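Next come two complexes, and both contain chain A; in the first it sits with chain B, in the second with chain C.
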Partner chain A sequence: MTFRVRRHLRAAAAAVVALISVCPAGAQSAPRSEYEIKAAYLFTFARFVDWPPRAARDDSSFAICVLGTDPFGATLDATIAGAAIRGRKVSVRRISSPEAAGACHIVFVSASEDHRMATLGPALAQSGALTVSDMPQFADRGGMIQFVTAANRVRFEINLQSARQAGLMMSSELLRVASAVRTGGGPV
Partner chain B sequence: MLVSGIALLIAGVAFAAYDLATFRSAMVRDLSTEASMVASNSVAALLFNDSHAAEETLGALRASASVVRAQIYTTDGRLFAAYSRDGSAPLPMPQFAPGATEMLAFDASSAYVARVITSDGAPVGIVRIRADLQAMYVRLGRFALIVAAVLVLSLAGALLVSRVSQRAISGPLAAVAASARQVSQAKDYGIRAPHVGTAYELTVLVDSFNEMLAEIQARDRSLQQAHDQLEARVRERTEELHAINSELEAFTYSVSHDLRAPLRHITGFASLLEQEAGAAFNEQARRHLTTITGAASRMATLIDDLLAFSRMGRATVTKRRVDLSQLVREARGEVWTDVDGRRITWEVHELPHVDADPSLLRPVMVNLLSNAIKYTSTRDEARIEVGSEVRQGEVVVFVRDNGVGFDMAYAHKLFGVFQRLHRADEFGGTGIGLANVRRIVQRHGGRTWAEGAVGAGATFYFSLPSQGAAA
Partner chain C sequence: MLVWPQTAHSQQQTAPSRLTELSLEQLGDIEVTSVSKRPEEVWRTGVAVHVITHDDIRRSGATSIPEVLRLAPGIEVARIDSDHWSIGVRGFGDQFSKALLVLIDGRSIYTPLFAGMYWPAHDVLLDDVERIEVIRGPGGTIWGADAVSGVINIITRTAAETHGVMASVGSGNIDRGAGALRIGGGNGSTFDYRVYGKGVNRGAEHHADGATFDEWWTSQAGFRADWTRTAGDTITLQGDVSKGSHGQRASVASFSPPSQQPLDGNLDALGMNVRAQWQRDFSSGRGFRVQTYVDRTVWDAPHFGERRTTADIDFVHHATIARRHTLTAGGGARVSPSAFSQAISTLDFTPRRETSSVYSAFVEDEVALIPDRLWMTAGSKLEHNSYTGFETEPGVRLLWMPRPTSSVWTAVTRAVRTPSRIENAVVSTAYSSTTTVPIFLRITGNPDFDAERTTGYEAGYRTALGAAAYLDVAAFHNRHDGLASFGLGRVALESTPSPLHAVVDVLYVNGVNGTSDGFELSPGWQPLTWWRLRGSYSYVRFNLANTPGSIDVNAVARYTGSSPHHQVRLESHLNLAATGEFDATYRYVSALPAQKVTAYHTADARVGWALSRRSEVSLVGQNLLAPYHAEFGHNLGQPIGIARSVYLEIRWRLLNARP
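Let's look at the complex of A and B:
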């Protein structure tokens, strides 16, 4: 899909730039791509979610993992470079198995894993990480946040039950800006 | 009235100002709070670019009656979401001072609050709210009304009270004060203060005041009476005195005249007797005759003096400029017969001019000089000094001799009528001379006095008032 990046995307990017406080505000170049936005959102989700402590997870830093074929390329790394979430340094990891997700805070499940969701789903649910994906029906299948692109805008749907079951607390702010919130979940 | 009105006005304005100030700061606080809440509720919307959610958040401001417009901007100045109550004009993006997160502004009709929306310490957008100050102006108007009403009411009240007190107190007091002023200006003690008002103390005041005036009036009257009585008495006495004086003068004159006749007989027939039968008289008889004539002669002198004395009393004093030295020379001419060949040393000093009646003053000089001559007759070396002294307002003339003198104890008798300190056979003359001298000098407005000691001579003084000085 192609996205005509308009002022909205540029504004969001500007907001991100301000967040990062690396580049001077208003220093714009090319309009943001879809995955640039998604990368920014991934990063932003962390503000509105509380993770319970887990033995397997190192809470001294913040881990964003990508499971499957990485659609971001250098974008995700560029986005989180030098950034901090709640004072914690952010890192990106590529993982290949759901078990490894246990050490992550956020797991982005690539659309390439669509065919594996039946088995991935439960395992991911165990990991205690925030699961995000842009594959279709991700939220129906137990995923917590599903990116949805509508009218050239990147939105997302939330499966609150899945998040709760994983012990994650979601801010109502996040729920408000979600295009849809499911309280009934898919199969665990 | 004016003062209390102004005071009330100032108080009212002060209160209004204070109330408005607190009201405004409360309003500002509310706005600021609303901005904060909007800001924190819009973070997610800004971060996830959900303008709809942001508009929902702004929409909640509808509950605040004074909010007219609210807008959220992204950090690069683009309008992200807006809310407006009445379709008013959009707000421009505010410019923040570096480091400031909130900004307040006012214009005539509105208050503006702008706040930076931050997430995790970094700015993500700006919210700006505009509130209508209408409420404040309504309040101000209400206040002005209340202040005006209170002012009018309290002034009316004060006016009422002042009128009452005026009638009861200040009015009556002013009336008494006015009466007092009138009395002192016109010196009319017949004025009485009127009774105004019914307050007891005031009535007492007015009554006392009037009593005082009546006292003064009465005293005035009795003073006037006494004065009148005194005047009457003085007039009576003066009349009596005049009457007595004229009687006395008439008496003296007629007596002298009447006495003269028999005296002429005595002197005349004594002389005839001497002529007719003088040759047949023996020594004794001749001596008797001499005694008779001598006595008669003395009596004649006495009567003459009396006459002169009485005449002197009736004479008018016509003053003119008199050269005393000249007068003394003339007087000396008149008494040279008394000198009778005796050796007398005269010391006559320079004498000034005086204002006097020469026809009256000459006999005075004559009398004094002849006295001096007479009473130095016992001395081998008689010395008579005539001099003067100019004192303030008068000229004092003296005649000094080194004759027998007199005892100072009897000095007061010297100038009395018929008063003599020496026996007639020692020194001739009657006692009328000095009395005349005193009378004449007194008629000129002067004084007479004398100094002396027994055996050491005497000095006789008289003063005459000098020109321009009071007698």
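Let's look at the complex of A and C:
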């Protein structure tokens, strides 16, 4: 009797496991907020980029900075909470000037800075940080990675020349997944 | 402008940290709720604005734009019958939603015939809507005349966001049948398009006498194409055609008995519009947008007909000057020729043919007084309209953001509502009483009727409360001059048409002045990643009086008693596992004495679940707390009961492979 109940339980458990293993596909198809995805990208990019050592930066931890009006709210902090990149603790900082970017590994440039990109570009290039933004034409204006949203999916474009000038090495995996890679002024 | 509750909104569904375990390709394949291109803007806006997102619309279970607008605080949406609504912002609820400007992708659906919206004739596919910005308070400085109590900006998704095939069918006891099909494609970057078609058939609400005059149907089809030549250089072409038949009960007077009787029939509406827009943004922070559209409507009702063609062109240029100034300037022109056709002898317009026109120019400067902290915006619109000539609508706003997650703002703005055709040129006769001869009241358009002018004083505060909650508060004090009321004209005996009758002329006059005050409180809280709560409380009070010599004893009561003083709304949105959703809404609306409507509570609920990655089912119940309740008066007899309703919808999506 007990044995039989246990066998039923085991069958039920197997069915539940089977259901759960089917579920993640459905879970992923549920729409997510745009900035949740962008926050996850910022974290993931770190796996595919090598930074040269910098005097201004504390390389024992990993700093993701947001320059300008923060569009992430609490999402970015929640995404990286307790996370580590190559064994280094990750922190989020909000900065208001490009001079402060020297201490950052990744700088997300808010669309609020669009009007001063002409002056920001050179200052950010000096900082040696990976620059990422979703403002229009960011990659055309000296930025390294630009988010592009199409068909409700967030993809990204790369300006490889900007990254190289700053001494950053991008892995071929990152370049392969990018929807466009620019090596000079225009798209390849 | 964008979704201000970004913090609460952004941490949806499952733990966000799981996303960091995905590969780059997997991240690129996740569908996002594209809330906005520039989400920081609502924080950075010194305006009382509420943004209804695509997801909010879907989860509300609403089947029409007016029902969706209930989501915004400070808006009074009252359903009169199945196909009519009274919509007001901060008071001034009215069947024609006077003093409110409504735009669908920049195309105004305000009709100069009665200075308002005829909602059932201007539809969109709700699944195409990216967001609806509901702006409370005078918006004349940017938006121009008629944006007096508010602006409703309906913005559809770009064609790149609607790739693939979407099909839906639904049916219920009142929403008897609805279906939609949309097909979109393109390469996701330089050229994208969509075409759609939809049809709706809705039954009558609850009538004590069993009448069913408010049944209606409408069908609509349209397209949109977006062509991006280079980044920041986009041309959009879109258009719609619609045909519908909307049930009405009109009250019709005749000089021979019976002097006044109801007339049931359909308003047959035909609509066509096409819009082109060119938007160019330069890297220097400079950009422009030029838009033009043509909109044609043909209405045939049992008691009147109107044909109208509106052509509009609009230009806006913005530039950053000396780093701290963002200068926006623009101009526009609109011409709207129309022809009224008489169907009954007691309703006419003089003249029947008319062309109204508006020419406008505006300039506005946003100055960053302290970069990233304090901004001032000042500007004015100068407008010339064919009814009242030149009007100026200046405004000044101050915005302070002590932290990136909170803002304080204040504003003073002026707006005008220009007269409508009705106020200017109508001749409408209604039976009053019989003494020795029958007496008729003849409402007569008054060419001297001036614009209604409003000056608004506003302030607001928005703040995030921790990572999972926010609060938005806005308060206002509006000064109104020259609101419409009735004045007395001449009294005469007329023998044609026979029999002999007396006619008392009643004129539109600017006979009411005064103030309105109120506030809206809208908090939101996400206690768990899968549970979101939102609410709002809206309060408005009036202090209106007749101008000296004004004789309309009902006007003040009509204004103050047609909008609820108190409105409460509570929403709960639950995500159940990965595939289920449960949404519930409760609302309370206080009494409308002028409309013979008592205070009411009601509730809506929706259950949605994904059958597979490609299909979802939802079951929606509306007005669940009572078999029916009245929301607004009807021009004939008792208010109509808005019935409890239930409907089921199935939706399929087939998405193309990645663009």
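We adopt the following convention: the second predicted complex is superposed on the first by the 153 of 188 C-alpha atoms of A that agree within 3 Å, B and C clash if a C-alpha of one lies under 4 Å from a C-alpha of the other, contacts with A are read in each partner's own complex, and residues count from 1 in each chain.
Heads up, the rule we're going with is that a residue touches a chain if its C-beta (ideal position, glycine included) is under 8 Å from a C-beta of that chain, and two chains touch if they have at least 3 such contacts.
Quick caveat, the model's predicted, so the values are computed rather than measured.
*Asks:* Could you say whether A:T44 touches chain B, chain C, both of them, or neither, answering first, second, both or neither?
*Replies:* Both chain B and chain C are touched by A:T44.
*Asks:* Between chain B (first) and chain C (second), which does A:A78 come into contact with in this model arrangement: first, second, both, or neither?
*Replies:* Only chain C; A:A78 stays clear of chain B.
*Asks:* Please work out whether A:V109 is in contact with chain B alone, chain C alone, both, or neither, and reply first, second, both or neither.
*Replies:* In the superposed model, A:V109 contacts neither chain B nor chain C.
*Asks:* Check whether chain B or chain C contacts more residues of chain A in the superposed model.
*Replies:* After superposition, C is the partner touching more of chain A.
*Asks:* Give one of first, second, both or neither to describe whether A:L174 is in contact with chain B, with chain C, with both, or with none.
*Replies:* both
*Asks:* Looking at the overlay, does A:L130 come into contact with chain B only (first), chain C only (second), both, or neither?
*Replies:* Neither partner.
*Asks:* Quick check for you: in the superposed arrangement, does A:R153 touch first (chain B), second (chain C), both or neither?
*Replies:* both
*Asks:* Applying the document's definition of touch, where does A:R86 land relative to chain B and chain C: first, second, both, or neither?
*Replies:* Touch status of A:R86: first partner only.
*Asks:* Report, in rising order, the residues of chain A that make contact with chain B in one complex and with chain C in the other.
*Replies:* Touching chain B in the first complex and chain C in the second, residues 25-26, 28, 41, 44, 48, 153-156, 173-174, 177 of chain A appear in both lists.
*Asks:* Which bits of chain C are touching chain A when the two form their complex?
*Replies:* So the residues of chain C touching chain A come out as 6-14, 16-17, 19-20, 22-35, 37-40, 43-44, 55, 160-161, 163-164, 188-189, 192, 231-232, 281, 283-285, 320, 323, 326, 371-372, 404-405, 464, 467-468, 575, 577-579, 610, 612-613, 655-656, 658-659.
*Asks:* Would you pull the chain A residues touching chain C in the complex into a rising list?
*Replies:* 23-37, 39-41, 43-44, 48, 68-75, 77-83, 94, 96, 110-112, 114-118, 134, 136-137, 140-141, 148-156, 173-174, 177, 179
*Asks:* Can you list the residues on chain A that touch chain B in the complex?
*Replies:* These residues of chain A touch chain B: 7-9, 11-12, 14-15, 18-19, 21, 25-26, 28, 41, 44, 47-48, 85-86, 153-156, 171, 173-174, 176-177.
*Asks:* Would you tell me which residues of chain B are touching chain A in their complex?
*Replies:* Those residues of chain B that touch chain A are 41, 43-50, 53, 56, 74-76, 78, 80, 119-120, 122-125.
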